[in-house]
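A single structure is presented below for examination.
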Amino acid sequence: MIVAVFGIFLLTLLVVTAIAIVRSSDLFSAVMLSGIFSLLMAANFFVLDAADVALTEAAVGAGVATVLLLGALALLPTDERQGNRHVGLAALTMAANITVIIYATHDVPPLGDPAAPAQQHVAAWYLAHTPELIDIPNVVTAVLASFRGYDTIGEVFVILIAGIGVLFVLSGGRDQLLPKRPEPTLNTALKHHLIPQVVGRLMIPFIILFGLYTQFHGEYGPGGGFQAGALVAAGLVLYSLIEGEQAALELTPPNLLFGLALGGALLYGAVGVIAMLLGGTFLDYSVLLSDPIAGQHLGIIVIELGVGLSVTGVMLTIYHAFASRVS
Amino acid sequence: MAAVAEIVCWALGWVLLTSGAAFVLIGGIGVLRMPDLYTRIHAAGLTDSLGPILVLSGLMLQVGNPQELFKLAAILLFMMITGPTATYALANAALMAGIDPVPAESSRPDREQVR
Amino acid sequence: MEILGHYHYWVFAVLLMIGFYALVAKQNLFKKMLGLSILQSAVFLLYITMAEREGGTAPIIQPGVADQLYSNPLPQVLILTAIVVGISTMALGLAIVVRIREEYGTIEDDEIRRMDRRP
Amino acid sequence: MIIVASIAIFVTMALALLRGLLGPTVYDRVLAMNMFGTKTVLLLASVAFLYGRSDFLDLALAYALINFIGVQAVLAFVQKAAGAGEES
Amino acid sequence: MTLASQLPALQVVVPLLTAPIAAAMRPRDLAWLVTCAASLTAFAIAVALTAGALQGPADTSLRYDMGGWPAPFGIALVIDSLSALVLLVITGSSTLALLAGRRAMALDIEPHRQPLFYAAWLTALAGLCGITITGDAFNIFVFMEISSLATYVIIAAGPERRALTSVFKYLITGTVGATFYLIGVGLIYMMTGTLNLEDMELRIAEAPSRGPVLAAAGFITVGLALKAAVFPLHVWLPNAYAYAPHTVTAFIAACSTKVALYVLLRFDFMVLQANLPEHAAQFAGYLLPLALAGILFGSSVALFETHLKRLLGYSSIAQIGYIVLGAAMLDRAGLTAATLHMFNHALAKGTLFLAVIALGLRLGQANLNLSNLWGVGRAMPWTMGAFTVAAASLVGIPGTAGFISKWYLVSAALQQGPWAVVLVGVILISSLLAVAYLWRVLEPAFFADSPATLSEPIAHQSWAPLVILWLAAAANVYFGLAPQLPVELASRAAAILTAGHGAAELLP
């Protein structure tokens, strides 16, 4: 009951925020509202018992996405020339879609129905067998890293291709790929503000520490490679904000970041290939060690590390690709 | 003895949580109703520090194990550091951008008259 | 209870359409990207809603608690993947928007169209 | 009693969101965003207790950190934009 | 496990894991080499898998459990005749395009960007193979996004600025398509509790209610139709093809829409129609008219198009219409024709775009308006000769691969009762239109006077594109004269698709 009431409140705010994002003619406000949208979405996920997803949505949606949107917006005009086109077409499609969805969801099991097919079969099997087959408390991590580890390697490559793509697209019309030496005149925003700088310096180690905790605690609580990667990347973005782009690029050279991204993805792939060489199928961690459960643990730890490295590398590569670009 | 401690904890928690909730709420109302930017920052800045302190301390009285206590303390610490910093940075940025903190008689386009 | 049970799905439909409206009707390419992210978030909501279970808790098994019900881990895993896919698409889309702005000087779709028509 | 606190936090979130929608200046919106973020942290902490899963306080911690970074990024952007405006 | 039993995984893993290596390659020429090697390996694996699929009874399929977890709990790979056919198309077109396009890509893309470009190419290849080979509904989404994002990147490499606007449109459309697909999968998951396609097929029959599943079928069909550029959802396609680098066009035109169509067929026939009688009518009722309209629309627009690549793009929309038409007949003959046409159209269109690579090297990358092609047939007889062979195949002249699939399509259409006349009529009219629009290219190319620029010495001529081009043209003729391999694969595929499906019993 509490879930339903909380949910309804959060969802209503969510709809209001979404409408405001679309209506706002100032793109900067729209970006801030979309940060709020992500926080609301994350809170809603938490209320719906999806702790891992909530953490990811907060770190990726509210943290990294906002930073990326701002980085891109710095290179774009910030006001939208109002004017809508195809409103008729949009309204027609929307009406059709809403009808279909209402029709479709009228018959689906209501929220929280324990007899729903989605709660049976595969899901029930995961919950019942994770303790004996993989033996880690966080079933989400078990499914993500082992049962559906093939999806997850795909996910790492999605993010890797995004990094490669951003570098490739933004290097168009420029004669260098990775930002080597940003312009000295680049405005370094918070660099000359003492208090944020001191506090930021104080915070960064804790953020990275917390990221590492999330990385290695992912088997026991909400967390894992993606969340950790996004948090560490966010911490290093904060460094770039308070110390300036130049200092950040000196601390983490672009080549290092890109190498981390590639290396993380390869590390994940290597685990799969080693499993193949040891006589299992791709990503079968059970063959890694003589004890299948220990093998699963090892495999999950290593691939989560690969995911974390890759996500950190890609997120920062993308951020710097935007931030070091002078419009 | 234990029972007394429990009741004290409960009562204290109740007081802390309710007063924290009240502060939070007052902050929300202040942010909405105050007439100009700096007064809004004032309302938000004060309650953003005090509200969480009270609410989180109230929650601390409920926890069962030291690990959770530590996490709550860490949240509290971070919020105490970051809240005022954010408020300062915001006010500073607004000042730098030329928004006048002294309410002038001439109506500025960026300030609405709330009455 | 009927309303409470399906409210999440309605909000999913509404959010989907808000995002869709931004994609179709808005001319600003950056706004279109924001619309796309709303569209994708709506789907996240659909999946997470179906994972919820009455009386359940997050699928992290608590040692020593017998008969605890847990919500469904599978849609949550899928959405973890989908969130990452979403941010990847957004990053790439933003990079393309930035390049379009550099090449055309604007990010309004109809102006770009006009420029393309007379080369 | 945690429910009372949660409801107050909910209402405050709504008020902050309203301020974010009304503006009028950019800084009002940043203020609203910051306030919204801190209230979300409090909400998560209280909901974690309501659900009896106080081991999920990690999430609240993560939100607190992310929120700080978000506000700093927004301010950096505003000042960058303002700086560019003065120069031109 | 033996190497042979690891092949299904290697089909995806080889290009996927080579991608980061290619991205890190220094010196840069190595990137192309590594990419070619990976693509050739993938092609060899596809050939081996096809050989495996052709052995044994028609419904034979090879399975591979990722991570050692049995389906439906883990992700299973499934290789049958249908996926083998599509794998051949993907890996073959990628390899041919890479081999033919080296020089063109060296001119189009600055050296420092090339490793990234080739990494994206390999990722696209791996993504397309991954979609084809998997037996899991959500895994299809993941690999669809991998291939889509990578495809956006390689299209954005186009030399003109309009490549950017085209790719942005494609990105929006593609993401909406993928999102719709995801909604559909979610709704089916709600009703069945599984993500494995075969398991879904079994459990849909027991679904507590039909409504959500039917709506899901609608979402999935629309989403995939967006990706496959089925008329009227084709708007992104002509410009994306036209402004991509020619080599990229040769790759994606041959296979990316085919893969979306493949998923559409697989989902609609193997999962939904077997247990959902309403869906068969829904599928045919909506898609048949759209297919006919698409065939006529694509051909007619191509008739008035003045840019060579856009002309070929609109022609693709018509050809996609043929494939959908075959599928919408819902019977075994129609499906044979549809899958066969996937193969043959990929061959013909791929060859045409390989010829475009050679033309681009000679004429300049951007000068591909039809007016630039005057007299080009005399200056470049070998290139335009191969172009003519492929054009004949596209039209369906006897002796070419295109004829075989048109023949199967017409014979399938003739069995459609009262509608047969309309269907055959549309196919014939569209073939005539195809003759007309291709004639608009070929006639001035061979019979008009060539402008002075063409007699200038050739700066970038090399033999590789021509050899590859003629190899592809020869394949068009070979599969026209000896069509056993694709026909066998296609008829086995149709048997698999219609297995357990009510309409199949109507036919021999």
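Note that the chains take the letters A, B, C, D and E in the order they are written out, and that residue 1 is the start of every chain.
FYI, contacts are C-beta pairs under 8 Å (C-beta built on N, C-alpha and C of every residue); 3 or more make two chains touch, one makes a residue touch a chain.
This is a predicted model, so every value here is computed, not measured.
Common neighbours of chain A and chain C under the contact definition above: D, E. Of all chain pairs in this entry, the one linked by the most C-beta contacts is A-C. Ranked by distance of CA centroids from chain E, the top chain is B.
On a Cα centroid basis, the chain most remote from chain C in this structure is B.
Per-chain CA centroids place chain D at a distance of 47 Å from chain E.
If you average the CA atoms of chain B and of chain C, the two centres end up 31 Å from each other.
Centre-to-centre spacing of chain C and chain D amounts to 21 Å, using the average Cα coordinate of each chain. Of all residues in chain B, those that touch two or more other chains are 78, 82, 85, 89. In chain C, the residues that touch at least two other chains are 16, 20, 50, 57-58, 60, 74-75, 78, 81, 85, 88-89, 92, 96-97, 99, 103. Multi-chain contact residues of chain E (touching two or more other chains) are listed as 138, 142, 145, 149, 152-153, 156, 189-190, 195.
Touching pairs of chains, sorted by label, consist of A-B, A-C, A-D, A-E, B-D, C-D, C-E. Those residues of chain D that touch chain C in the shared complex are 51-53, 55-56.
Residues 13-14, 17-18, 20-22, 24-25, 27-29, 31-32, 37, 40-41, 44, 48, 51-52, 55-56, 58-59, 62-64, 67-68, 71-72, 74-75, 78-79, 82-83, 85-87, 89-90, 93-94, 96-97, 99, 110-112 of chain B touch chain D in their complex. Those residues of chain E that touch chain A in the complex are listed here as 1, 6, 9, 13, 16-17, 19-21, 23-24, 64-69, 72-75, 110, 112-113, 116-117, 119-120, 123, 126, 130, 138-139, 142-143, 145-146, 149-150, 152-153, 156-157, 187, 189-195, 203, 207-212, 214-216, 218-219. Only residues 3-4, 7-8, 11-12, 14-15, 18-19, 21-22, 27, 30-31, 34, 37-38, 41, 44-45, 48-53, 56-57, 60-61, 64-65, 68-69, 72-73, 75-77, 80-81, 83-87, 89-90, 93-94, 97-98, 101-102, 105-106, 108, 110-114, 116, 118-119, 122-123, 126-127, 130-131, 137-140, 142-144, 148, 151-152, 154-155, 158-159, 161-163, 165-166, 169-170, 172-173, 220-222, 226, 311, 318, 321-322, 325, 327 of chain A touch chain C when the two sit together in their complex.
For chain B in complex with chain A, the residues that touch the partner chain are 78, 81-82, 85, 88-89, 92.
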